[in-house]
C-alpha cells in the first residue's frame, strides 16, 4: 500500500463531509512581492502602506486574489487531484482583510454530489473557507468540479445539488470606507459615478506568459495539480503540453484591468467564473471589462459588478465573448464576474 | 471615450508641469530577495544586516538601483507610453538610503521640450524624484525621451533645453561613513587606493537572460512598457520580439561588476547612461568597467567614478566600446557612468 | 594584474587553511517565499507560523535546505570556481534553526588534499560551516571537489585524506520536540511507527525545470558558478548548454517527497550525496525514497534515515537506481542520504 496521496474519487465525497486541507500558510511580504512580480498588479491599495493607511487599513493588505489562490491551492490534493474539469465558482466572498503574518488554513465542506449519466464521473460541489490564525473566516467560495469515479460500477448516493446564487447580493458585501482616496496616486480620476452599467472597457495591454512564470506562481500558492508542472507526462495528454493554472489567468487579467479600472482596486466578491479555454506558455493575455451592475455601499464607497473577460492572442478592441452559436469565441479563455469596491 | 490610459503625447508636456505618478510602492524584504534572485547582486552591504550595521546603516538598506527602477517604473505610464526612444539619463543622485517599509512615490517635473525638425516627434526632458513616506527625496534624476506627437500639425511651444551637467560633482555626493569594513566579507582586499584612473576591469562572468526573468523583474518595478511584455504585438514590431527593459541590463551588468569591484558597493550618483543596443531573451550579458575619476569623500570613504559597459554575446576581454567610426560596437548594449563609494 | 577573482587552484589549498567567504546574507521572509515558489516545498512546519509555534519553534523557521544552499553558494567563488567536479558530501549537520532576520556567514576549513595521478588535478576536502550573527554554527558539512592545478608541474604536498563517517550517527542529531503535531495540517496520518526499514515510496509527481527557474534559484543563494548562467560560454562546453545547480535538484526532489513523507518535514543531517547525472532545462524531475534506518530521538520524535533518489524524464514507479553493471542508471541524477525528524 502506497503512502503517496491517491487523491479522492467521486465515491469518496459525501454531502456534509468536512476536509481540513494540509499546509496552512503564513502569508508574507515576500508573497506580496512575488504576486506583484508575477502578475503585474499595481493597485495603490495593495502596493503602498501609506495609501492603505489613508483608507482605513491598519497595514498593507494582501491582494484578495492572492489570498484566494492560496486557499484554493490547498484544496487541490483533496478535491481536484482526480478531477476532469473545474466547472465553476459561485458565492465567493472576501470577508476579512488579510495581512502579512496571517496564517491561512483551508477547510472544505462537501455541499453537493451528482453522478453523471455515464457512470464514470460525477460532479462534486464544495464550499471552501479560508481561516486566519484567529479562526476567522477571511474568504469563502463554492466551486464544483467533475471528478472521476474509482470504480464505475460502484453505486451512487442520491444526488444533492446546492442552490447557488447567480451573484452575491450587494447587501452582503463587506464594506470598506475610503477616507482619503488620492486619485493621482490611484492612477485615475474615474470614480463610482463615472462608470455606467453596460459600459465596456478595453484594457489595451497584453501580457505573455512563460512556463517559468506560471509554474512559479502556482507553486507560490502551493497548488500541486500535475497538469501545470509535469511536461514529461503532459506530452501524452490531450494538449501535449502543460496547462496554465486558471488562477494565473484570473490574476493577470485582473492586473491588466488596472488600465481603465484603476480605482476599482478591492475585490469584494466572486459571483461566477468560467475558464472558457486553456492557456499555454507563450500565449498573450488581453482583457476587457463590462460594468454589469452598480451599488452604493456607504457615503464614501460604491461597488461595481464587473465582467472580466480574457482572450488569448487577440487584442480586445472588439470585446470578444461569444460566437453566433452562443459558445465562447475561440480565443476567449476567461469569463469572470465579480464585485469591486470603488470610491464615490 | 475610453477610460484606459492613452499616455501623454509630445504636445501634452509643458515646461514646469508636475506629474504625480500612480501607485506608490512600499518596498519590502521580498523585493530585496527578488532583486538578488533576478540580478545576481551580491554586495555585502545590501545582503547582510550585520555588515550594513557595522558601516553606519540602521538596517539592511535597499540597493539604490532597486529604488531607482521602482521610481522609474512609475513614470512609464505618464512619460514614455508613447515614447519612441529613451535617450539618456543625467544628474542622478541617491540622497537618502531606502529601507524595507519605506513607501516610494514618484513625481516628475517637465524641465525641457524640443520638437524635432520632422514635426512628428519631440524630445521631452523630465526631472523625476522619488519621495519616501516622510516626504524626503531619496533619489532624483533627469531623463529625456523622444515622444510621438499626437497631431503632427499641432504647433510647438518654444524649445526649452535644460543645462545638464556631464557628471554629478564629487562635492555633491551623499557621503557614507564606513566604520568597520571587513574585506573578507566584502569579497576583496582592493580599496580606494588600489584603483587607478584609466584602469579597466573585465568582470569575466556572463549572465544569460530569459523572457520570464526580465518580465518578472520589470513587473517587480511596476514598469508597464508594452514592448517588454506583449509578444503577440511585438511580432509586428521592428525586432519581431520582446525588448528587455534597459534597467534589467543596468542591474545585471552592475551585479557582474562585483567581480573586480567588490567594495565599490554603494552607488551614489548616475552621471549618464546610454542604452546602446537592444537586449533580447537568450542573450548573454558580459561587462567591463573603467575607472574614470576618483575623489576622497572623508576619512573612511572615497568614490570611484566608473564607466560600466555591457556587451551581449561577447566576453569583455577586449573591452569593447566603440568602432573606428566612433559608433558603439555592435555588441555593446550599455554605456553607464556612475559614482560609487568605496572604503579607503 | 586583474582585480577579478581567478578562484583558487589545487596548489592554493593547504590543510588547516581557513577561508571566510564573501557576502554574508540576512535571510528573510522573501527568501522563504521564493524558495517555496521555486521548489514547490509545502511542509507545514516551514509554511505556517502557527504550526511551527505548536511544535516548539519561536517563529517560522527557514527550511534547512534553503540555509544549506545559502551557505554552499558563498563557498563557490573560493572553493569550486576552478572545480572539475563536485564529488560528494558527508557529515552534514543542521545544528540550530534559522529564522528570518538571521545573517549567515560561510567559513570553510581545508581538511584534506590529494593530487590525482595525472598531475593535472587534485581532490580538496573542505568542512564548511554556516554561522549566524551570534557566531553560532547553524549547519556544518564536508564536501570534496576535484580542482584543476594551475601549473601541472608544481610539486604536491603530502596527501591528507580525512576520515569521514558513512552517516551521521543518530545520537549526534539535533533533537526537536513536536508537542502538538496535527496530522491533517501536516498532510498525512503516517508517523514514525508507520514507516519500515526497506520501505520504498514513489513520490509520483513530476516537476519540469525551466532555465529561468534554476537561474533565479541559484542566484537566490548567491551561487555564482558560471556553468549555470552563461549560455554563450556553455555552447562550447561538453554538454553545449547550461547545467542546473545540483542543489536545485536536491530541493525539488525533496519537495516532491512530501507526497508520501509529509511528516518527515525537518531535515536533521545530510549523510551523503551524489549528483549522478546532469539536469538541463526542460527535463522533468521525479523522485522516490527508501527508508534506510530509523531511530527514536525522544518521547515525541523519531528520525528516519532516507535515501532520496531523483530521476529525469522517468517516473519512479520502478524505483530506478543502478544498472546491472553497478553504475547509476542513465536517468538517475541524484542519490541523497539524509536523516529527517518525524513525530512518533
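Lettered A, B and C in written order, each chain numbered from 1.
The definition used in the following text is that contacts are C-beta pairs under 8 Å (C-beta built on N, C-alpha and C of every residue); 3 or more make two chains touch, one makes a residue touch a chain.
This is a predicted model, so every value here is computed, not measured.
Trainee: Can you report the angle of the rotation that maps chain B onto chain C, using C-alpha atoms only, to the nearest 5 degrees?
Mentor: Fitting chain B to chain C on C-alpha positions yields an angle of 120 degrees.
Trainee: What's the call on chain A versus chain B, same or different interface residues, using the half cut on shared numbers?
Mentor: On the two sides of the chain B and chain A interface, the residue numbers are mostly different, under half being shared.
Trainee: Approximately how many whole Å separate the CA-defined centres of chain A and chain B?
Mentor: 36
Trainee: For chain C, jot down the residues that touch at least 2 other chains.
Mentor: 28-31, 33-34, 210-213, 216, in rising order.
Trainee: What residues on chain C touch chain A, complex-wise?
Mentor: Per the touch definition, chain C meets chain A at residues 28-34, 36-40, 42-44, 47-51, 60, 184-188, 190, 194-195, 201-208, 210-213, 216, 259-262, 282, 284, 286, 313, 315.
Trainee: In the complex of these two chains, what residues of chain B are touching chain A?
Mentor: These residues of chain B touch chain A: 2-5, 20-26, 28-31, 33-34, 77, 100-101, 103, 105, 133, 210-213, 215-217, 219-220, 222, 224, 226, 229-233, 242.
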